[in-house]
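Shared between the two complexes below is chain A, which has chain B as its partner in the first and chain C in the second.
Here is the complex of A and B:
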């Protein structure tokens, strides 16, 4: 029942208005690429330049859409008085090498994570493989995707930089009360520097700023202490998480 | 003709969640509700309602009929926000994990933030609601009582009238919301089930299990098999009966609990209220180096 599966998300998933917005935009000849949130899997460097433009186009688009008969778009944006987390980016660590090479570890919450890079990182950490398409969908529909990139600027090549994914964390949420943090990982060669801690702390800060008070996660036995140091309590007041197991 | 009974779902219902725009009706096919019959275990004693708690129905409520029809819907547009908040109240359920509770009666003291609830519903990918015929459950809401009485007067009395009334299907406007459950997901890998509740006089009849199983079925049809549910000690038995187990990988459930009371509060940090807890955000770490290159962008 392939068609059924396709139809179901469009009617149940609240994200549809957001998708619809871009279907409408196609009709209005605004290219998809201008919106940074859609093209997660594409090369991320192009998107950086477009971010400034995105707001400009957004304002024009909403203005035109107001005259459009299709009003679906407007409700979705007015319904959310808070915006989805504004993508932030800042440098966590900066190191200058004697040969002029500058290495920076950049934190970004815009979710520009390449799925292939992420899959490679998961392999490095020793996690079981998951289907790429599901990974991509999960990243797209997560409330917040934080990523750490190592950027190496070589001295002789001006403007040319190497960017490598070395860490990621993501959180799903209902945007109001509950959030769950999944998939926190840092490249083994960069562990122990406080990078994971910084990522998770930033996530918590963003969630609390949005008034989302119920932050949960499911920790492996080895990392329970790591999260305890960050302020998480195991099984608070007897609350446990249970998982569904199919009975075949 | 018999009035009132059968009417189709109007587009105004859909605007509840989507927040406006009648044009949306065409895009979402209105789903009819699924009918199920549930049986009450006649040997089971109905527990005496606590006189001081805000119970659904009056103190002398008659027990529900031995077999009654319920209507299950997975259409988010069938939810009336006001009715839903009344259900939260009557089930003594809060959206916050640790709500402010009156220590004597155990009743949740907080008012439900309807706006936040609306936002939460619009971002829940699965919403299951269960309705029943109003005559099977006594309603505390005065306006609903009056509305029901009006409807009773308008309907033809007598054998045919009663027959029509008993076989007429329910739609969200004349059904009584008695059960609810929602799930949040990233639509690819994981999902979490929240806020499963059934009106107290109808608990113990299997409605909650139906809600959870329906939500799980919708999620697994979309290929999501990693389904979690947070439950307190009391809810654990319920979820176990629905087919949930402790994590096979042995992971520990952890919740952020750094509060003003258990950490030294300097007074200039970010504090968020979540129920009865005043959560303290981790201290803001200034990045060691301001970025020399303009990697920062305007939001």
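Here is the complex of A and C:
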């Protein structure tokens, strides 16, 4: 059982103003043991990526500290954030085990999803099986496929790492006006940490940056509140979602 | 389950159209009344289409963006008025090509409403999607046209599923 080195009082991660310093951002992003590998994978993104990640970290950290409520933290400068290009891949969470093993949860929006792994993940959350070939086609035809991978770097094996799919969400779009988010799922073993929230939030930001202004989805009644907390409104102005001869 | 584009069983849906005539108005009838059904964007004048959108209350959109949207649209159908050669009805659907599809931009020119053109376009669009094997067909309906979609077979909020839209202005804070 891993212990997480997360012990951050709410004052430690304030929302930083626009012109923060790079050095400061290191400390605020991840708890303790800053992995040099983190800098490697993020160094090309420059400061801006870290600014974005801080808010993700803040919301995840809040989610960890508060057991139930996942809190949305309003960024100091929304406009600035939307102007910064969202990196296609970055480390969302990092945990260090006393024996030296490092676990990272990596977000990617490049569509790097193994369809067999996805099938297994869908099984884990209890969704009915869908034909593999259709799953693969659906992914190919999706405008954006976001994924969460758990990467475990073992201490004694240099360069050897395990990578496991633990979350996915995808969006279809006409590339201009509308996008619809489908199939949001997180491995039950990793739920409750704010990962789903982070994934969807990042998707939204990417879509908005690509100037796709109408972001929609259909939510089961149980998760309407989850999406409301992310900024989605049910039935705006009385507009209703409708389905053709739905089978329940 | 619908939000994930899964139907709970995989049986082929029965086509709910009467067996004698597939559609409410046949292609032939439409043609005899002076309308041609089109299924591609060739010959579609986007400025004319944009005018129809604006006339029914859509915001005026950049024609280049409309072109981009149409190029990335799974299926579309429009009705051309023979005499004026203008589009008078339109609908399109986007999706992943296997599980889910959403219908957008359903419009009928105000001067040609009430004669079954909207229905004609919708019936054919749905059939095209079904033929591709897509069983999850959804759309977002303004309240005043719920009565247009219901007779076509659409159900709002089935099983408590809610359509949601992202709003930059509002964010619920706990």
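Here, the second predicted complex is superposed on the first by the 158 of 248 C-alpha atoms of A that agree within 3 Å, B and C clash if a C-alpha of one lies under 4 Å from a C-alpha of the other, contacts with A are read in each partner's own complex, and residues count from 1 in each chain.
In the analysis below, contacts are C-beta pairs under 8 Å (C-beta built on N, C-alpha and C of every residue); 3 or more make two chains touch, one makes a residue touch a chain.
Owing to the predicted nature of the structure, the values given are computational and were not obtained by experimental measurement.
Shared-chain residue A:229: touches chain C; no touch with chain B.
Once the two complexes are laid over each other on the shared chain, residue contacts for A:216 go to chain B and to chain C alike. Legend: residue contacts after superposition of the two complexes on their common chain; A:89 is shown touching chain B, with no touch to chain C. Once the two structures are superposed, chain B and chain C can be ranked by residues of chain A touched, with B on top. In the overlay built on the shared chain, the residue A:241 is in contact with chain B and with chain C. In the superposition on chain A, A:142 makes contact with both chain B and chain C.
Legend: residue contacts after superposition of the two complexes on their common chain; A:189 is shown touching neither chain B nor chain C.
When both complexes are overlaid on chain A, the residue A:205 reaches chain B alone and has no touch with chain C.
In the superposition on chain A, A:128 contacts chain C only, with no contact to chain B.
In the superposed model, A:160 lies in contact with neither chain B nor chain C. Common to the chain B and chain C interfaces on chain A are residues 69-72, 74, 130, 134, 137-138, 141-142, 170, 172-178, 180, 182, 204, 208, 214-221, 224, 227-228, 230-247. Contact residues of chain A toward chain C in the complex are 69-72, 74, 127-128, 130, 134, 137-138, 141-143, 170, 172-178, 180, 182-183, 204, 208, 214-221, 224, 227-248. Residue ranges of chain C in contact with chain A, taken from their complex: 1-9, 13, 16, 61, 65-66, 68-73, 94-100, 102, 104, 126, 135-143, 146, 149, 152-168, 170-174.
Those residues of chain A that touch chain B in the shared complex are 4-5, 7-17, 20, 48, 51-52, 55, 69-72, 74-76, 78-82, 86-87, 89-94, 104, 106, 130, 133-142, 170, 172-178, 180, 182, 198, 201, 204-205, 208-209, 211, 213-221, 224, 227-228, 230-247. Against chain A, in their complex, chain B makes its touches with residues 15, 17-24, 27-29, 31, 74-76, 95-98, 115-120, 122-127, 182, 184-190, 192, 194, 216, 218, 220-223, 225-233, 236, 239-240, 242-258, 263, 270, 272-275, 277, 279-282, 284-285, 287-291, 295-299.
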